[in-house]
Amino acid sequence: MIATPVRPRRLWSQRLGRTLVLWSASLAFLVYVLAPVAWLFSSSFQTEREIVSKPPHWIPHQPTLQNFAAIFAAKDRSVTYETRRAADPATGGYIPSTAASLVPAIGNSLIVACAVVVLNLLVGVPAAYAMAKIQFRGRPVSIYAILATRVIPDIALVVPFFLFIRNLGLLDSLWSLIITYLAVTVPFSVFILVSYFESLPDELDKAARVDGCSRLQTLTRVYLPLSLPSVVAVMLFAFLASWNEFLLALMFTQTPKSQTLPIIVASFTSDFTISFSFINAAGVIAVIPPVILAVAFERYIVSGLTTGAVKG
Amino acid sequence: MARIRFDGVSKRYGDVIAVRALNLDIHDREFVVLLGPSGCGKSTTLNMIAGLEEASEGELWFDDEVVNHIPPHHRDVAMVFQSYALYPHKTVYENIAFGLRMRRIAPAEVDRRVQDAAKKLEIANLLRRRPSQLSGGQRQRVALGRAMVRQPAVFLMDEPLSNLDAALRISMRAEIKHLHEEMRTTFVYVTHDQAEALTLADRIVVMRDGLIQQVGTPDEVYEHPSNMFVASFLGSPPINYLEGAIEDGASAPVFRRGSLRIGLPAGKLRDVSAAPVVLGIRPEDVMRDCPAGGPVLTGVVDSVLPVGSDRFLGLKVEGCDVFVRVDKETRHAQGERVNFGLLPERLHLFDKVSGGSVFGGAA
Amino acid sequence: MTASASLAHRLTRTQRLSYDERRAYLFLIPLAAVLMGVAVFPVLYSFYISLYSLKLTRPQRVPFVWFDNYIAVLSDPQFWSAVERTVIFSVIAVAAILILALFVALFLNEEFWGRRVLSALLLIPWAIPYVANALMWKWIYDSNYGALNGVLYQLDFINTYMVWLGDSDKTLALIANAFVWKEVPLAAILLLVGLKTIPADLYAAAKVDGANIVKRFFHVTLPALAPSFALVLIYETMMAIRHFDLFFILTEGGPGDASHVVAWRIYVETFRNLSFGTGAAMSYILALATLALSYFVIRALAQRVAT
């Protein structure tokens, strides 16, 4: 924004005003975005004794890693509601028996998320190429139809799917999650990919086909290498959606064999005898992978959301 | 052998008919140019030869085989595109080699052909570069090279020179002509530029609205256009049209418009009727001197248009605008009344309603 | 070409799909299979179930009841209270999201040092799992040790720690706050994209016409932003209406039924009361309501992508 000065003094004060506004906006922004998360992190480094202080210690006076240690090694210490009330936690945090399933749950979440990413690409990329570059009967309607599948709330899917999976005996299996997550994420993936493919020139397609590529080879040797940004965006979205998903996992999993991270973490919050600092530490562990991914690949996420807009 | 034959081929996109009932025979090793304005179906026809589009009706023959359902990667054609369509993520070398690799040619042979083509096209020093680092002319050569090395049975070109500047276009035309002579394969070339068509073609196929208007050598379509569209499309500046009627004259029919009377050669007219006609005179078909008794064009000078190498006069003839070419040294004044001689054999006459040639057209 | 050959050719031509079409359908089959099986089929099956009185508490008797389930649901005052709460929640949440997202988008649209960093940080609330979001806010709202109490206490706004989530007057607003916090980044990015597509020429022309910042905002920015605004509005409303995770973790529909929204009600009916028939009917009603709303979203999105 370039000010058109009438007098130098006005320019100076305009710039000062703008700087002040930007600085205070930045501060407000940072507080709004980071403060809750910072508090989560801070709490996770506090001992049980410290965490129950009034007013709270914003920065831990005696930071400790024992909460995280407890997650990875199931140690039993007992703190009950009474001892906490008396602000005298005996020996530290109470670790529920379900704590032992936290690490396997991370494993489950990871397996599911990776499988969903791979399947998204295998199913979505050819479909997107066909929709973007091949003329076939029904093409105009297809993108509508695909996006329309996401209109139904997950709750509405759950009832029939629960019955269906139960009858198949697939309850409590990672596969039920993988397939449902795939169906839930693939429409958006296809949307991103189709937008990007359409922005690539048609004549490349023709040149490749005349050069001797079958349709599949045109996709793999010409279009895919040129679409890496959108492919990365698809991978990120699919991974994050799978890692964060809660409702469907709640419905379809029953034992630690298949329970994912969000389910285990949620199970802690409903039990008020559990140590708060432990819960917060579990929350931190759930938060770190997706946040790192999102912040590191911010560019791709934003471009993935905007390819459609830029084209429009 | 690369003989291409269209047998009653049509191409429809929903309700739009891009090409209708096309019948065309392209001979082996011929340089055929598909010429016409935008939307006339020339690119669609080319795409059908390549296999990028499938015919809705009719049959397309390569030699003795119907190829309608054969996809492009199973046909032995190479194509050069208007926008070059180079692969941005590959080097120039890889761009040229790609088609050969896809057809499993041995690497040693691939290298030999690529180096050969690069040398011929004078791009050997660019082989390691990416398309984004090249100029338009250089990209054009890479596109040519990519098609050349395939040594295809049919060479297709879709307005390849349209994106180049004028000077480059002229020199590239000559190169393409050389290429055809060297490679000795069938060339099918699409353009809307009539000068390009006249320069390059063995035969020109003039198209309009999905229909072939005329097929012939450059001389044939230029000297003997079969209808008004062909006559006006070829030739720059375009042919002059004068509407009028035919009368019986002393020894031969006479074209009459107002007080203008132009005698036509006896015996050449297909039929003399009272139907309205249009007389066509090309700007260069007028003479300074008027041979005795011959047809004379009389008009009033309206404008003078020098164009460097030539000089044109805009005349008003019986209310019509007629442009004629004159000597560079000739001087005329605005409003001056002038006479030009006409060669009867060079006149064209068309039926006004159908546009078809009545005289002077293709036999 | 002989007559018989031409006839034969015409027959094969109509039966046969072109190579291109065959490839296209081949590429689309996996996608179609997944969506048919996992999205379309459950929807149809769900409707089928909603026509039966299916209670897992009484699995041996499953009578066909036509639309009785729907009537039961629609005439249940508790259902309508849930609808009311859902509407209140959605209105609060979406309004807050739009306003905050607009500010954030305008802010991030300016050029200044550090903007890239802040844009990246903006993604943090969006990236964290709903569960983590829920437990984070549950901890902040905690009556005994929470940060909200702590901050207000330290700033002398209150004298003693208050009950937050347990106070039925405040429940919906607090849950909405947690929801808004997580949704603002996405909304802000969508608005930011809309801002970036406004041609600079429009602002230049407005300036030449003598418009100051406020006038430019109302006469150039807002109108040009209308489509993005509409998209965000409809999308976030869809999300708010169907949201479940926070209600499950923060309050379980409580206290009492202060946060008993439709999504929660469906869960309770299906998985706690084990009445699948009515649960299905309820979810169908919710689905139809969402469908009507989202018709506009789909059209807007697909227009950007369609041929």
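Chains: A, B and C, in written order; residue numbering restarts at 1 for each.
The rule we apply is simple: a residue touches a chain if its C-beta (ideal position, glycine included) is under 8 Å from a C-beta of that chain, and two chains touch if they have at least 3 such contacts.
Because the structure is predicted, anything quoted here is derived from the model rather than measured.
Engineer: Can you tell me, using the touch rule above, whether these chains form a line, ring, star, complete graph or other shape?
Structural biologist: Graph shape, chains as nodes and touching pairs as edges: complete.
Engineer: Please tell me whether A-C or A-B has the greater number of C-beta pairs in contact.
Structural biologist: Looking at A-C and A-B side by side, A-C shows more C-beta contacts.
Engineer: I'd like to verify one number: the distance from the centre of chain A to the centre of chain B, where each centre is the average of its C-alpha atoms, in whole angstrom.
Structural biologist: 59
Engineer: Using CA atom averages as chain centres, what separation in Å is found between chain A and chain C?
Structural biologist: Chain centroid spacing, chain A to chain C, equals 15 Å.
Engineer: If I count partner chains per residue in chain A, which residues reach a count of at least 2?
Structural biologist: Within chain A, residues 214 contact more than one other chain.
Engineer: Show the residues in chain B shared as contacts by 2 or more other chains, in ascending order.
Structural biologist: As it turns out, chain B has residues touching two or more other chains at 71.
Engineer: So which bits of chain C are touching at least two other chains?
Structural biologist: In chain C, 20 touch at least two other chains.
Engineer: In their shared complex, at which residues does chain B touch chain C?
Structural biologist: Touching chain C from chain B are residues 7, 54, 57, 59, 66, 68-69, 71.
Engineer: Using the touch definition up top, name the residues of chain B that touch chain A in the complex.
Structural biologist: The contact residues of chain B facing chain A are 47, 50-52, 71-73, 77-79, 81-83, 85-89, 98-99, 102-103, 146, 150, 156.
Engineer: Can you check the complex and tell me which residues of chain A touch chain C?
Structural biologist: Residues of chain A touching chain C: 1, 4, 22, 25-26, 29-30, 32-34, 36-37, 39-40, 43, 51-56, 122-124, 126-127, 129-131, 134-137, 139-140, 142-144, 146-149, 151-161, 163-164, 179-180, 182-184, 186-187, 190-191, 194-195, 198, 214-216, 240, 243-244, 246-247, 250-251, 261-263, 265-266, 268-270, 276, 279-280, 283, 286-287, 290-291, 293-295, 298, 301-302, 305-306, 308-312.
Engineer: For a test of understanding, state which residues of chain C touch chain A in their complex under the given definition.
Structural biologist: 20-21, 23-28, 30-31, 34-35, 37-43, 45-46, 48-49, 103-104, 107, 110-112, 114, 118-132, 134-140, 142, 144-147, 150, 153-154, 161, 181, 186, 189-190, 193-194, 197, 207, 228, 238, 241-242, 244-245, 248-249, 252, 263, 266-267, 270-271, 276, 279-280, 283-284, 286-287, 290-291, 294, 298-299, 301-307
Engineer: State the interface residues of chain A toward chain B in the complex, per the touch definition above.
Structural biologist: Interface residues on chain A, with respect to chain B: 201, 203-204, 206-214, 217, 222, 225-226.
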